[in-house]
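Both of the next two complexes hold chain A, though its partner changes from chain B to chain C.
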Partner chain A sequence: MSETLLSTGVRERPAFFPSDGNTLFGVITEPEGPGNGVGVLLIQGGDTVNVSLHRNRLAVRLARNLAADGYTCLRFDYHGLGESSGDLGALHLHNPFTEDAEAAAEVMHQLGIDDLVLLGACFSARTALSAAPSIRGVRAVIMATPPVGGYGREDAMAERLSREWSWSDYVRRAVRLETLANLARPSHRQAYTRFARFKLRGAARRPMSGDPTLRWVSPKLLAPLETMVERGIPVLVVYGDEDPLLGEWERAKAGRLGTILKRGGDLVEVVDDLPGVVHGFLGVDIQNRFLSLAVEWIRAKVPVAERR
Partner chain B sequence: MLEVRSIETTMLEEDGSRAEAGYVETGRGAVFAVTHIPPGPAKAAVLICSPIQSELLKNNRREVMLARRLARRGLAVSRFHYIGTGNSDGDIGDVTIDGMAADTAAVASALTDVSGTDRIGFVATRLGSLPASTVASGLPGSPLALWEPVVSGRSYLRELMRVWLMVGMRQGNDEAPSVADEIADQLARTGSFAIMGFSIGGALKEDLERSDLKVEHPADHDVLLVQFGQRAGIRRELRALAADLEERGGAPTIEQVRFDEAWWLHVDVDALTPDIELAMNTDVVDRTERWLRGVLGVEDV
Partner chain C sequence: MDQGEGARRGTTVRTTAVAIRPWRRDPTTGVTEEAGFDDSRFAVLHLPTRPHRAVVLCSPLHAEMQRNYRREVLLSRRLAAEGSAVERFHYRGTGNSAGGPDRLALETMIEDGIAAVRHLQGRVGEVPVAVLGTRVGGLVAAAVAAEVEAAGLALWQPLVKGSAYMREAERAAMARAITNTSGERPPPLREVLVTEGSADVLGERVYAALAASLEEAQLAKLIGEQPRPVLLAQAGGPDGLRGELARLADELATVGFAVTARPTGDAEVWWANPGGDLFREEDDKPLTVELLRVTADWVETL
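For the complex of A and B:
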C-alpha cells in the first residue's frame, strides 16, 4: 500500500522528491477529511542520526496531532540522512540546508497547500528561518533552541567555550591529570587543539575597545529574522530555562538581534521558561510541553481558511 | 484528501535498483516498510530487522546503506518499523516482543511475494535480533546476521538502567531514587519509562524480563554474529551464544567491527565526524554483504 489510514484517523503516505541533485524522502500526514488549507513543514535532523522521526518520534507525534486538527504535515530527511540520497557533508550554521526545505515546501505546494508553517529545532531551526524568506506562502516560523552563532557542528563546543571560559579556566583544565592523559588519544588531541585555536582566534580578533561579544552572532540568523519582521510573519522562539543556547541568545540581544526584536514587537515571541533543557529533547516531559506549545501557537497565530 | 500531481513513492537509483516506500497491513495496524528492488529478477531476499528507539536512529543509515548495496547485487531487501515505532501506526505502548515478531513475519511474507523468491535471509540489530531469530527459526535454511544482538532481555534492561545511572551521575544527581524505583514510578504514572528521552512501554519491559535470543535449530541456519567496539576479544554474552549454537549443531561466524557505537548516549562530536561514521558503516556493510552473498550463493556482479 502506498498510503494508510492510521488508527488515529489521519492518513499518511511516503513521498520521494528532488532537491538539488538528491532525492529526499518524507512522509505526508493529512486529515482523513478536508484539511484546513494550512501545511506544517517539520524540518528535523542535522545530527548524523537525527532522521525525520526525531527523538522518541516527536516529529511523528507532532504531525499526527496537527493532522487530527486539520493541518497537512510533511516531515522529511535531509540529504544524506534517513531514506534520502546523497552525502550529508559538513554541518555548518552558516550553511543550513535551505534547498532541502525549499524542496519540501514545493511538495506542499504541489498538494495545493499555499499557507505554510516552518518548524525546526537547533540546526533545523536555522534551516527553517533561512529558507523562510524564499518560500512562497510562509505564514509562521517556529524555532526550538536556535543557535545564534555561525560555527560548524564539530566546532560548536569549542566556539561556545571560547566565549564562556576565561584564560584561567583553560589553564586550570589543561593541567589536569585527566587532560594530560587524554593527550595520548588522537581524537582528544584534535579536540584540545580545536579548543585552543578557537580561544586564540577569539583573542586575536577581539578589539580592545567596543563591544567584543557580538562578532559571533551569525548574519545568517539576523537577516532572515529581519525579513520575517518586515513581512509581518510571526516567529516563535523556544528555549528551556536551563538551555545552554539561551545564554547565547540573551547576549546577542545586546546587538542587532535586540534591535530586530524591538522592531518586531509581538511578532517575535520568545518562550524561554520551559522547565529544564529543550535542546535535544532529552526528556519526554519537555517533548510533550513543546508539542503542546507548538500546536497551540500554530492554532493561535495562523489564520485557517475554510475547510477544503 | 487533496489531489496530488506528482508525489513519488519510489526512488530510482543510478544502478537501476529502486526503493519503494509504503505500508504492509498486519492486522495490528499498518507497518511502514521500504523495499529495495534490484534491477533484474531477485536472486534472493533479505529482511532487515531494525532495533527500536535510540538504536533505530543510530543504525538507520547503516541499514539503508546495506539495503542499497544488496539491491545493487541483485537481492530484494525490505526494511520496516514495528508497530508503535518509527513511521508505523501505533504508540510505543503497543510494542511487545511477540508483536515485533508478528510484524517481522508479515513483512517477510510481503517480501517473498514481491521478490518472487523464498530464499530469504535476515539481518537484525540489537533488539531486532529477538523477533528476527524467532521468525528465521520457522524458515529452515534462512541465514541470520546479527549486529550487536541483544542476547538476553534482562541484560538489555540492565544496560538501559546503566545508561540511566550514567546520565544521572553526569547531571550530579546523587540523591536521585534508585533506578528501579524511578522506573517503577514512571511506569505507574505513565505506563512507560524513558531513557534519554526515549520511551519504553510497560508491556515491552515485561516481555524483556522473560525473553532471550533463541535460534531453534542452529544446524539449519548460517549465523553471523557481529560485535561492534574497540575492546579486545569477544564479549562474554556473545561467546556464550556462539557456544550454545555450536553445542546444538550450529557453526556461527563471529566478526568484530572496530568502532564503538554509543547506542543510547550522545556521542562526543569531536569523536564522531561524518568521515569516521561513514568508514565504520562501510566496514560492517562490506562484511555483512560478503557473508550474505556467500551463504545465499549470490555471485558477485
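For the complex of A and C:
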C-alpha cells in the first residue's frame, strides 16, 4: 500500500509516530508540488468526536482544502482513540493531551515544516492552546468553542450550576418529589452529591478570593493565552451565537481573560456570531462556515514563504 | 519532553528525530499494523506473523462509523493476536479514502469490500475468509461474503432492510430537533433528498444516491443461497434475537446456514448525538467486551 494522489493535486500518506510511550496514527496531507512551508496541525477529539476524520470528514476536508492551497496538514488520533495505541484515560480540561500535539508537531518539523498553525475544537482547542507555547515555530492558533473552565467531564454541569443557581434554587429543586425519588438511584445520588459539593466549595472560597466569581476560569487557559499575546502570535476564537460555551467566555472576560484580551488587541480575534451552535459541529452549514473562516484566517494571518 | 501544560514560557521540546512510518508493530503480540491506500481506498492491515485466516471488516457509515470505529480497531487487534490477518477499510467517498461522497452507494461499497478481500488474499494467500459487517456494513458484508467461496459472515446489529437506515437517521434528527432551542422539526428526509440531492442529518451529509441504493436492499437476498457459517450479534437483547433479526436467523437456519445467534446485554445508540460516550475507554464498555468476545470465539470455529 502506498500514498494516494487526489484529483486536486493533493497527496496523502499515513504516518505512525511515537508519543510518550504510545504510537499515534495520523494522515499527512500535502500539495503534490512545492508547498508554502506552513503546516497546519488538525487536533481532533473531545466529547463529541473520537477520530481524526471528525464529523462529516470536517478534518479531511479542511486538510485537503488547505493542501490544495500549499499548506501541509497533519490530522491525528489521540492516544487510545482511532488507530492510535494506548489507553485514553480521563477527559479533564486541566490535562489536555499536550504531549500528543507536541509529538505531531515534531512530525511536521521532520518534514521540514517550521511554521505551524494549531487548530482544535472544544477539548482539543484547549490542547492546541496548551501545547502552543512549547512547540517551536507556532505562528497561529485557532480555537473553536474553547471551554474556559478547568473541570472534568463529570464535573462540568455541577460546576456550571454552582455558578448559575442560587442557594434558593438548590433548595427548591432538592425538595421536589422527583428529586427525592431519584435519591434511591446510586447514579443520581452521586450527581446530587457532586452538585452540593461544588456549591459548598464555591461558597467556602468566596471570602478568600479577590475575584470570587471568576475562580472557575482555568489558569491553564489563561497562562498559554497570555504567552501567545506576549509573543505576538495571533489567536482566533470561534463560537456560534447559540453556543452554550459562549456565555462562559463572556462572563470570564470580567476577569483576567478580559485583561489579556485587552492587552492582545487585534492579536486575539473572537468571532462569536456564526449562526447557531458550533460545538460538536452538528450541522453541515456550520461546518462549512467554520471551514471557510479558518482557511481565510490562516491565509490572512500567517505569512507564507516562497514556494519550496 | 516538556511535561508542562504550556504555562512555562520559551520551552522548546523534542530535538531528537522520531520515527515516522506507515506501519507499527505491537511489541506484545508481534502483529504489524500497516496503513495506506490501495489505489484510492484507505485501508489498515493487521498482520500476524503466520496468519491462518483472513477477516475483512465492513464498517457502518456516518455517525455510526464513528461510534464503531475504535471497537473495530480493538476487534482487529484481538483477532490478529489470535492468528487472523485483518483488513479494515474506508469506503470510497468516506473517511480517509478518496472519491466523492455523492457517488457513495451500496454498489460502490460492495465493490470496495470485494477489493479488500482480494487485497488481503493477495497478502496472505489462500486461507479461510470471514467478512464482518456492522449496521449498513452488514448489507455490504453479506454481499461480499456471497462472492467468496465458503466465507464466514459475521453481522453486528445488521440492517435487515436497507430502507431502515434512512428511517432511523430521520428519527434521530427528529429527536435532536425536539431538544433544539427553536424546536423546529426538520422537513421529511425523502423530500429533502429529492429536492436538494442531499440532506444534513445531525451534521452528516447524506446523499440521494446512497438512499436510493439502500431503498430496496434486503439482507436475506444479499446473503445469497450458498449456506455458510453466520454469526448474528444483536445489541440489547439478552433473552435472544428479536424481531426481523430473529426471523432472519430462522430462515437462514432452515435453508442450511450454520447460524450462531449472540444477543448481548447492552443496547447501543447508533445514530443519535453521541454526547460524551465517544470519549471513553472503548474496551471498558460492556457491549464492546462482549462483542469482541463472541466474535473472536466464533472466528476460532471457522
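Just so we're on the same page, the second predicted complex is superposed on the first by the 284 of 308 C-alpha atoms of A that agree within 3 Å, B and C clash if a C-alpha of one lies under 4 Å from a C-alpha of the other, contacts with A are read in each partner's own complex, and residues count from 1 in each chain.
Criterion: contacts are C-beta pairs under 8 Å (C-beta built on N, C-alpha and C of every residue); 3 or more make two chains touch, one makes a residue touch a chain.
Predicted model only: the values in this text are computed from it and were never measured.
The superposition on chain A brings chain B into a clash with chain C.
In the superposed model, A:Arg57 makes contact with both chain B and chain C.
By the document's definition of touching, both partners, chain B and chain C, reach A:Gly82.
Of the two partner chains placed by superposition, only chain C is touched by A:Ala223; chain B is not.
Measured by the number of chain A residues touched, the leading partner among chain B and chain C is C. Once the two complexes are overlaid on the shared chain, A:Ala300 sits clear of chain B and of chain C alike.
Legend: residue contacts after superposition of the two complexes on their common chain; A:Glu3 is shown touching both chain B and chain C. In the superposition on chain A, A:Leu282 makes contact with both chain B and chain C. In the superposition on chain A, A:Val27 contacts both chain B and chain C. In the superposed pair of complexes, A:Phe16 makes contact with chain B and with chain C alike. Of the two partner chains, chain C is the only one touched by A:Glu99; chain B is not. On chain A, the surface touched by chain B in one complex and the surface touched by chain C in the other have residues 1-4, 6-7, 12-17, 23, 25, 27, 48-51, 53, 55-57, 60, 81-83, 85, 87-89, 107, 110, 153, 280-284, 286-287 in common.
Within the complex formed with chain A, the residues of chain C that make contact are 1-14, 17-24, 26, 33-40, 42-45, 62-63, 66, 69-70, 73, 94-96, 98, 101, 176, 181, 200, 202-205, 273-276, 278-282.
Taken together, the chain A residues at the contact with chain B in this complex read 1-7, 11-17, 23, 25, 27-28, 30, 32, 35, 48-51, 53, 55-57, 60, 72, 81-83, 85, 87-90, 107, 110-113, 153-154, 156-157, 187-188, 190-191, 194, 280-284, 286-287. Across the complex, chain B meets chain A through its residues 1-11, 13, 19, 21-25, 29-30, 32, 34, 53-54, 56-58, 60-61, 64, 85-87, 89-90, 92, 190, 194, 196-199, 266, 268-274, 277-278.
Note for the complex: chain A touches chain C at residues 1-4, 6-7, 12-18, 20, 23, 25, 27, 45-51, 53, 55-57, 60, 80-83, 85, 87-89, 91, 94-96, 98-99, 102-103, 105-107, 109-110, 123, 129-136, 153, 219-220, 223-224, 227, 230, 242, 280-287.
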